[in-house]
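Following are the structures in question.
Two complexes follow with chain A in common, the first pairing it with chain B and the second with chain C.
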Partner chain A sequence: MNINTKFICNIFAIVLVFTAITFANDNLQSAQNSKKYTDECIKCHSENDMMPEHFSENDIHLQNGLSCAGCHGGLSTSADEEIAMSKKNGFVGVPTKKEIPNFCGKCHSDISKMQVFQARISTDQVSQYYISKHGMQLKIGNKDVATCIDCHTSHSILPASDTRSTVYAANIPNTCNNCHGNSDLMNKYNLKSNQVEEYSKGVHGIALLEKHDNSAPACNDCHGNHGAAPPGVKSISHICGSCHVNNMNFFNNSNMAEPFAGLEIKACEQCHGNHLIAKPSDEMLNVKTSTTCTECHDKGEDGYIASEMFYEKLTQLSELYDSTKAMSEKIAIIGMNNIEIEYELKNVKQALIQSRTLVHTFDTSKVVGRTNEGVLASLNALKLADHEIEEHDNRRIGYGISTLILILLAGALYLKIKGLNT
Partner chain B sequence: MEKNKLQNIENWLDERFDLTPIKKLITHKKVPIHNHSVWYYMGGISLFLFIVQVLSGLLLLMYYIPGEDNAYESVQFIVTKVDFGWLVRNIHSWSANMMVFFVFLHMFSVFFTKAFKKPRELTWVSGFLLLLLALGFGFSGYLLPWNELAFFATKVGTDIVGVVPFIGDAIKVVLRGGDDVTGATLSRFFGIHVAILPALFSVFLVIHLIFVQKQGMSEPEHFEKLDESKKKYIPFFPNFVLQDALLWIIVLIILLSLTLFFPWELGLKADALASAPIGIKPEWYFMFMFETLKLLPANILFIEGEVFGILAFGLAGVIWLFIPFINFSKKKELNNKIIRWIGIFAILYIVIFTIKGYLI
Partner chain C sequence: MGTNRRKFLNSLLGIGGIGALSAIIYPIMSYLVPPKIAEVKVNSLKVGPVSDFANINSKIVKFGRTPVILLKDNQGNFKALSATCTHLDCIVQFDNEQQQILCACHGGRYDLTGKNVSGPPPKPLKEFNVNIIDNEIRITSQEA
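The block that comes next holds the complex of A and B.
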């Protein structure tokens, strides 16, 4: 057998083996399929290529043994279409849009059925839905609104903890945007259609979508999910305050809370915006460049003066923090001890964060008091840093002197040895 | 006046202890001078660094507190609060590394000049045991600051010991004081580092030094063959001793410079629950073995790769220990050649694998 014949034989053998493996796999697959689909609905619908769009085998209902008949009724054990899909056997078919909430609610509003899956599962989704804007509109026959399946899908429903789910935290903005980003649809209701676009540029959107921080709020965290509604003036500070607790408490107890409520000014939103919430900075308080305070307070007014003071104290502390941090890094780089400096630096950082939060009290004495504590801690850290630098220099001087002595000693020894050897 | 006083003390001692042998040693001992005389100083430098280790170690012992809750904090206290504590700790760490380096240098110089041959076989054996003890000092001392890197390096190191067939697991448990590296391991390593190893080391060091003094400096073959008239010597005292002292001063200057310009980091405190940091590396003198074990395939000749590696290193160590007693060939020249190539291979292997461990 020459080399070419041998080569061809080898190729033939490889092809043969692959074909055998492929056939074996195909047979295995069909054997598995027939084993899996004992349900006559799926068997028949898949054979006739009539499966619902986006049907997924990973659907949570299917995974938990709830097949077609569980929602649509009928007799799933019968292969006879007439019997399986007869009203006598409870077949209800495809629900209309208006019927969907109660269609899902048959189980999801029944705690005795739901607690089998989770002991503390909530069953108020449908009732919440009907007090939401979506639900109220559906009730009066509006077919544009979202129902359960618009957010959760109908046949590929996954738990919210599943990263593939349409209601997984990071996927929620996209899910809401399917409708709320549709300008034609939103124009009909005088609603903006760029919320998600704005949100994704804001501090929360960047945290959730870019930094993959799932603790950052998505649409539902502020608007609710099943009971979705735009927050009213009064509820805004409560909504933001569910995460920013201190800011809310400081604001609600400040002398600004009452005038804000009286003038129907939206608390947090007035200064920070809603969907496009920029990362707050001390510059917001700078009366020369920002209108956050000057929009309402003219020059000479208490609010204007307070803003100037807040800005001055916060920038002073912030700059001191930066210079102390740089000094601490320098100390570490030169190989000296910065443990205590770092400890003080944490106090400065803490004072800075707390001072910024205290701005929401609009009380100058509180902000100035806390920033002064930070300044003291910072000065203390700088004093420690000076001590370390002095110690660093002393070590070098000591090294220089001792090395010089040793070199002189070595020189003397060298001369002595030279004398001995000659 | 001073001379008289010293003479009186000498006479007083001589009367009681008969100092003649020491006097004889001092006055008669001579050191050959040839092209390779420089290697005679390596042992002396290693001894000097050992003395530095003992003195700095004793000072550290004043403040060091063993135990999971105190070890790291006490070292932190030493380097930040104790006067000159930073200096003592850095000297101890640098001097340890330098000592291992010079011991290696001393060993290879003895190997290549064939100074281990009759009658110095036991000097070689005691020297090699001293090297192993020095490595033991390094391994046990590395854990004592109880920082993250040391913790995980000890974990890996003791794991490797555990691979040794039959007895490895038992040794590992004894070393660790349990199944895992814990505070019990730290206590054991502390005991080993400050009591057991110093005791053993002192015994072998005394034996080693007695052998050296008793047998005098080894003369290389080419020097031995020279005519007596062409052989050059210098007196051990004071010439050689002063030259030794000069080198010790130079080593001390290097040690101080390293201490000041390259201080040893303390790092983060060991946390058994934290995940292992990236880039755990053993001390440089274990690197060639660590790299070898990393590169070995999972199985070699039906033995686990790691076990094979450890057995191979063990065998190499035994051969190295008994090299003065092994005759590779009846022909002297061939025997010398084989020994030289073994040495070159060992050096190349250690250097290449150490560099690989750090660079690749």
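The block that comes next holds the complex of A and C.
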């Protein structure tokens, strides 16, 4: 046997062994699946490689003992296809898109069935769905809209608390984007398809998707989930106000609330946007560079003057806060105690934050009053800082003098010893 | 012999002089360029006698650099929580009427266990241990 023949034989042997192992493994997997499931539907579908797409063993229904027949009907104990999938045995097969909500609602709208799994579970998902834009469109036969399975999947449903779930807080934007990011589909309904793109650049999207802060709102927190609908003029401040409580209360009690409602201007959205909500800054109030206020208020009007004053006061306090903070850091670097200065700084920061929130009252006296308190706290912190610097300088001078005395003493001692020796 | 002795003594004096000079220069240098050592961490704080809370049910105390809110519930039990709101670091306060902790900046609310229940705070308030030793309230860090 020459070298080439030997080499080919070796390769052939390796391929043969590998194929045998793979085949044995597949058979073993299949045998394991058959053994693992007592359910004849899964046994048969898995043996014939006819399992539904994206089927997951972690599916919440399967994990809770609900198998194929629980939704699709039929007799799961029979290995005979004709018997197992007969209408006589309640087999309903795959529901049409229009049937899906009620198909899931067979259990999810029945409190007696659902209470078995969770005591305080809600069962209004289907009724909410039918008053949503999706549900209303489905009712009239629109097959483009999302039903239960478009958000939750059909055979790999996981609880919302599971990070792998399509409805886990951080995954919701992507789930919604599956349809709402499809420009061809959205164009049919004159809807934008860049909401998630905008959202992910906004303050909420950055908090949820980049900083992994699950308390930040995803799509469903503002639009609802099962009863999803775009917020109207009247509801928008309440939606934002569910988290931004003070801002909502200040705005609703301000003299701007009525004109906004009268002109059908969306309260928060008018100034802050909707999906692409940028981090608010004092610059929004700068009449020279921003149109937040000047879009409606011309020069000389009360709103224009108020905006100028808000900007001036807030930037003054903000700059004072920065310089005081820098001074506090300097105190720490030179090794002096800045704890009291830091506490005063907290008061300055608090005054700054509250003043910014008070802008939503559109009341100059309230904003000016709070910023002035912040200025006083900042001046107090700077006074404390000056005291620490003075103390540091005094210590340094004292230490220098005492060192000089010690050196002179040491020198004199040296000369004295030298004198004694000679 | 005399020269050798003098040389030896001068060397001894020289070494002693260098040692003395180092002992002076080293602290001066350490003073001028302070080492970057971490500040001593406060792990425990004596707040005062229980009787101080006869007429009040909340007080904000300075636990090192951390403001801490000490609360007394209706049963007379004490609870200490970080007084820094987890949203934007404002100082929280006790809302006696609602029996909740309130952050006045954005209206965030926490229950008396420190759990964030309403508004923008993303996390609960950090908890501190409260011990009463010889009728005196002591707060200790849970990390201690």
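Here is the rule we go by: the second predicted complex is superposed on the first by the 384 of 422 C-alpha atoms of A that agree within 3 Å, B and C clash if a C-alpha of one lies under 4 Å from a C-alpha of the other, contacts with A are read in each partner's own complex, and residues count from 1 in each chain.
One rule holds in what follows: a residue touches a chain if its C-beta (ideal position, glycine included) is under 8 Å from a C-beta of that chain, and two chains touch if they have at least 3 such contacts.
A quick note: this is a predicted structure, and the numbers were derived from the prediction, not measured.
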item: When chain B and chain C are modelled together on chain A, clash or fit; value: clash
item: Which of chain B and chain C A:Lys113 touches, first, second, both or neither; value: neither
item: Which of chain B and chain C A:Asn249 touches, first, second, both or neither; value: second
item: Partner chain in contact with A:Tyr399 - chain B first, chain C second, else both or neither; value: both
item: Partner chain in contact with A:Leu420 - chain B first, chain C second, else both or neither; value: first
item: Contacts of A:Gly335 with chain B and chain C, given as first, second, both or neither; value: both
item: Partner chain in contact with A:Leu409 - chain B first, chain C second, else both or neither; value: first
item: Greater chain A contact set [chain C / chain B]; value: C
item: Residues on chain A lying within both footprints (that of chain B and that of chain C); value: 335, 339, 396, 399, 403, 406-407, 410, 414, 417, 421
item: Of all residues in chain B, those that touch chain A in their complex; value: 76, 79-80, 87, 234, 238-239, 242-243, 245-246, 249-250, 252-253, 256-257, 260, 263
item: Contact footprint of chain A on chain C as seen in their complex; value: 9, 13, 17, 20-21, 24, 28, 31, 34, 62, 64-65, 67, 84, 88-91, 104-108, 116, 118-123
item: Chain B-touching residues of chain A, taken from the complex the two chains share; value: 335, 337, 339, 395-396, 399, 402-403, 406-407, 409-410, 413-414, 416-417, 420-421
item: Chain C-facing residues of chain A, complex; value: 213, 215-216, 243-247, 249, 334-335, 339, 342-343, 346-347, 349-350, 353-354, 357, 396, 399, 403, 406-407, 410, 414, 417, 421
